[in-house]
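Listed below are the structures to be examined.
Paired with subunit B in one complex and with subunit C in the other, subunit A is shared by the two complexes that follow.
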Partner chain A sequence: MDTLRIYLRSMGILIKGQLQYPVSFFLQTLAQLIMEGGELLAVILLVDRFDHLNQWGPGDLYFFFGLMSVTFYLTECFGRGITGNFPSMVRSGQLDTLLVRPRGILTQVLCSAVDPRRVACMAVGTVSLIIGSRMAEISWSASKALLLAESVFCGFFLILGLFLIEGILCIHSVKSVEIANALTYGGRSACQYPVDVFPRPLRTLFTVVAPFALVMHVPASHILGKPIFGWPGWTAFVSPLAGFVLFFVMTALFARAMRFYRSAGS
Partner chain B sequence: MSYIHVQNLSKRFTVRKKREKGSLLREKEEVQALRGVSFDIGQGELIGYIGPNGAGKSTTVKILSGIMTPDGGEAVVGGQVPWRERKTYVRRIGVVFGQRMQLWWDVPILDSFSLLRDIYRVPEEAYQARLSELTEALSLKDILRTPLRQLSLGQRMRAELCGSLLHRPEILFLDEPTIGLDAVSKLALRDFLRWENREHRTTILLTTHDMEDISALCSRVMVLGHGSKLYDGELQDLLRRYDRTRTVDIRYGREGCVPAVPPSVVMEKNGDGFRLTYRPESYPTADLLSALQQAGPIREMTVQSQNIDHLIADMYREMDL
Partner chain C sequence: MRACLSVFRLRLRLETQYRGAALGGIVCQIFFGLILSALYRALYFGKPQVRPLAHVITYVWLQQAFFRMLLSSDGDLMDKIRTGGIAYDLCRPLPLYGFYYARIMAQKLMGSLLRAVPMIIFAALLPGGWGMGAPASLPALLAAAAALVLGLSCVCAMENITMAFTMRTLDPRGIQAMLNLLMTILSGNLLPLTLFPDSWQRMITLLPYAQLLDAPIRLYTGEYALGQAPQVLLLQAGWTAALIAAGCWLWKRNQKRLVLQGG
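Let's look at the complex of A and B:
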């Protein structure tokens, strides 16, 4: 509980700091809005050209896009410490200053940054979710709403876990930004679309290795009433937990990497 | 019983070299950062830790502050082994890295301090008391609400010191705290460290390249070179050992006065006077003085010992560092 309090206080203080330059903040938020609006435009153009992609209609595609957009930028906003600064903290030795404080390293990294400008991207995502929901004529129920929340929540941890990979590799003094980016940013770009539109290798990658499909597409397709892979209904509630699993595996690897860091030096 | 006990501490790094063209494997090179360093420090001591770049000073500080695990040897600080139980240990220490800021960059320093209060779980009352004491001693009052990034380097360093002392650590590790500071800031920082050490009996281990820091603050100094301890004792003894020459600048009241001195004294013309460099052990000061006086009426004379930086440079050279 205490840890959560520290996290929330850090967020408050950091946001206050960023708002000291309101004009700059506003312009940068606007830039984010335009950027993510452009991404949405790609989906609009796609839907305009083809009225369906495999079994997915326009509403479905907006819904998938919106889910990814909200989840990914929620993570980039509140997990900014890990998604943004972490590798450079390792490289610059800034991690040392966290090690001399009586708190967990990951907690402190998470507390070190926030990016409220991403709210703009989340807004675009939310609009897309609403459009998708209307067009696909989703009949909402409590369990479907719960499923959506679960998907976003687990997606948050999935994406954090994937971003941790780069930090872990950095500790082992491997420069491999490309591999890590393929899974994080690459995963975002690809999995804005349901995974079954891709050829098998990509499908496997984003189901087994970086399980965006399990965390987002299985529950979303269930909400849309067209289960992907033809899996039964209960799987929609279980499969997002894959995001947690990945996150915990990565935190364990991170703890191991920290032991290496402390014995090998920087 | 000593407060900080270090025995035979050793640490080796593997440095990866850049891969040469045509070879598949990267070559690795082993660097021995510490080779069996031992020392004991009592509670409330203020100790200087010097040595050229790459001597292993920062490695020692990193090990003693629990950031790094050594390959061999032991260290016990206030009854705890630094690299075990990190979280309980670091609560008792403060660390300032001169080249790394630990406060939040875009945030007013008062907000940083209150976050540190939460991180270290300092009770509100103790925090307020300590904060007002440190604000006073470090003259931070006017900049408490200024974001760190808008502060000068000197102000920043004072804020960093305050941040690392809010939880009342028993030991303070300082890694080159005066690096890049102007003269006024340096003096203020030294005053503060002396005050903190005297007032709260905080044990301070100070790593620096600035010999003025050492001579102003520390009676005891440890010299490290190539990962081994080369000297441990009073600064004055160390200086006496290497401080063997004196320089005399002299001007006469009349033209044409030239003192007659033996060849062991180096004499050169210096403006309208002379500069003489001599070793008191080979030519006693009294003899030199009478020789100078015999040459004519002295208008002005100053005697200087060697610059402390030169001394240390000589010492490093002699120790083959």
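Let's look at the complex of A and C:
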């Protein structure tokens, strides 16, 4: 609990700090809004031309896009320390200062940054979710709403876990490792569409290795009433937990990697 | 002019030093290429289009291969503008515009060649329906190559204009994010321009963004017939000349009313 309190306090301070430059903040947020709007535009244009993607109609596609967009940018907003700053902290030796403080490394890294501009991207995602749910005529119930919340929550940890891979590689190699982006940003681009449109190797990758399908597509397709793999309803509540599993595996590996950490700074 | 040429040559060599980064980039772009190919295959399977699927897949691969040509900027220059280090460049007995043009051109040329050559080989070796198709004909390939050179000149001119604006506003992040977005959408990187609504395409293909990669790719796949080639190349050359002229003018004005940062 104490950790949570510290996290919230640092978030508050960081956000206040960023709002000291309101014009710059506003312009950058606007840019984010337009950027994510552009991504949505691509989906709209594809829907306009092709009408549907396998069994998924326009509403379904907007819903999947919205879910990915909200989750991914929620992670980039509150997990900014891991998703953005960590490689440069290793390279500059800034990480050393964290080692001497009486808190966990991951906690401190997470507390070191926040990116409130991403709220704009989440807004686009939310709009897409709403449009999708209207068009697909979802009949909402308490359990479906809960399932959506669970999916976003687990997705946050899944994506954070995937970004940790880059952190782990980076501890060993010092340089930031672009290849790790293939799973995170590649996963975002691919899994904003339901995973069953992809051929088997990619589908396996995004179900087993980076389980976007388990965390997002199984619950989302359940909400839409078209279970993606034809699994029974209760699985939709269990499968998002894969996100936690991946996150805990990665934190364990991260702790192991930290044992090999050698300072690069002076 | 000779000075600019040697700046160009030096930067070319500098860029070849980042081979490790290039390798990582190639793996990422190949992965994206495969994902997009799979997506368009699934979409075409549901509703075939007039435009053949093979053209779209080729479009995707060429866009991924030359990704670095579109979105890379001179990070040094940006820092120099922010810190005031640009004062040193102003002292050089060089035309400033040519100096920066040579630098960015070298960076984009070598950066994209290092990535494009292995990627095109890889994409050409993929099985049918997944990989890059052959050019429509040999003359089409030559026309596409010429168009690519013009596209490169055009994107460098655009980059220099962006930099001139950066010098005005100092906080480049907001405006740059927006320009990058225009670039990814209107150049066909996010979604092939050939898949935009047909009524939009007539307008979009006239914009400078479409001259960078879209025009060369369309010549390559035969979307633009050979007879259209002179017209396409002329449009590209026209935009390039106009943008270079605009960039020169902006840089001249910047030099006249200059406020340096730093201390």
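Basically, the second predicted complex is superposed on the first by the 258 of 266 C-alpha atoms of A that agree within 3 Å, B and C clash if a C-alpha of one lies under 4 Å from a C-alpha of the other, contacts with A are read in each partner's own complex, and residues count from 1 in each chain.
The definition used in the following text is that a contact is a pair of C-beta atoms (placed from the backbone, for glycine too) under 8 Å apart; a residue touches a chain by one contact, two chains touch by 3 or more.
For clarity, every value in this text was computed on a predicted model and none was experimentally measured.
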Clash-or-fit label for the pair subunit B, subunit C on subunit A: fit
Touching partner for A:Asn181 - first (subunit B), second (subunit C), both, neither: second
First (subunit B), second (subunit C), both or neither touched by A:Glu39: second
Partner chain in contact with A:Asn54 - subunit B first, subunit C second, else both or neither: second
Contacts of A:Val197 with subunit B and subunit C, given as first, second, both or neither: second
Touched partner set for A:Gly230, first subunit B, second subunit C, both or neither: neither
Minimum distance between Cα atoms of subunit B and subunit C in the superposition (Å): 12
For the subunit B and subunit A complex, residues of the former touching the latter: 11, 13-14, 16, 33, 59, 62, 65-69, 83, 86-88, 90-91, 93, 95, 97, 100-102, 104, 106-108, 111-112, 114-116, 118-121, 147
For the subunit A and subunit C complex, residues of the former touching the latter: 24, 27-28, 30-32, 34-35, 38-39, 41-42, 45-46, 48-54, 175, 177-179, 181-182, 185-186, 189-190, 193, 197-199, 202
Complex contact set, residues of subunit A against subunit B: 2, 5-6, 9-10, 13-14, 16-18, 20, 92-94, 96-97, 99-103, 108, 111-112, 173, 262-265
Contact footprint of subunit A on subunit C as seen in their complex: 20-21, 24-25, 27-28, 31-32, 34-36, 38-39, 42-47, 49, 171, 173-175, 177-178, 181, 184-185, 190-191, 195-197
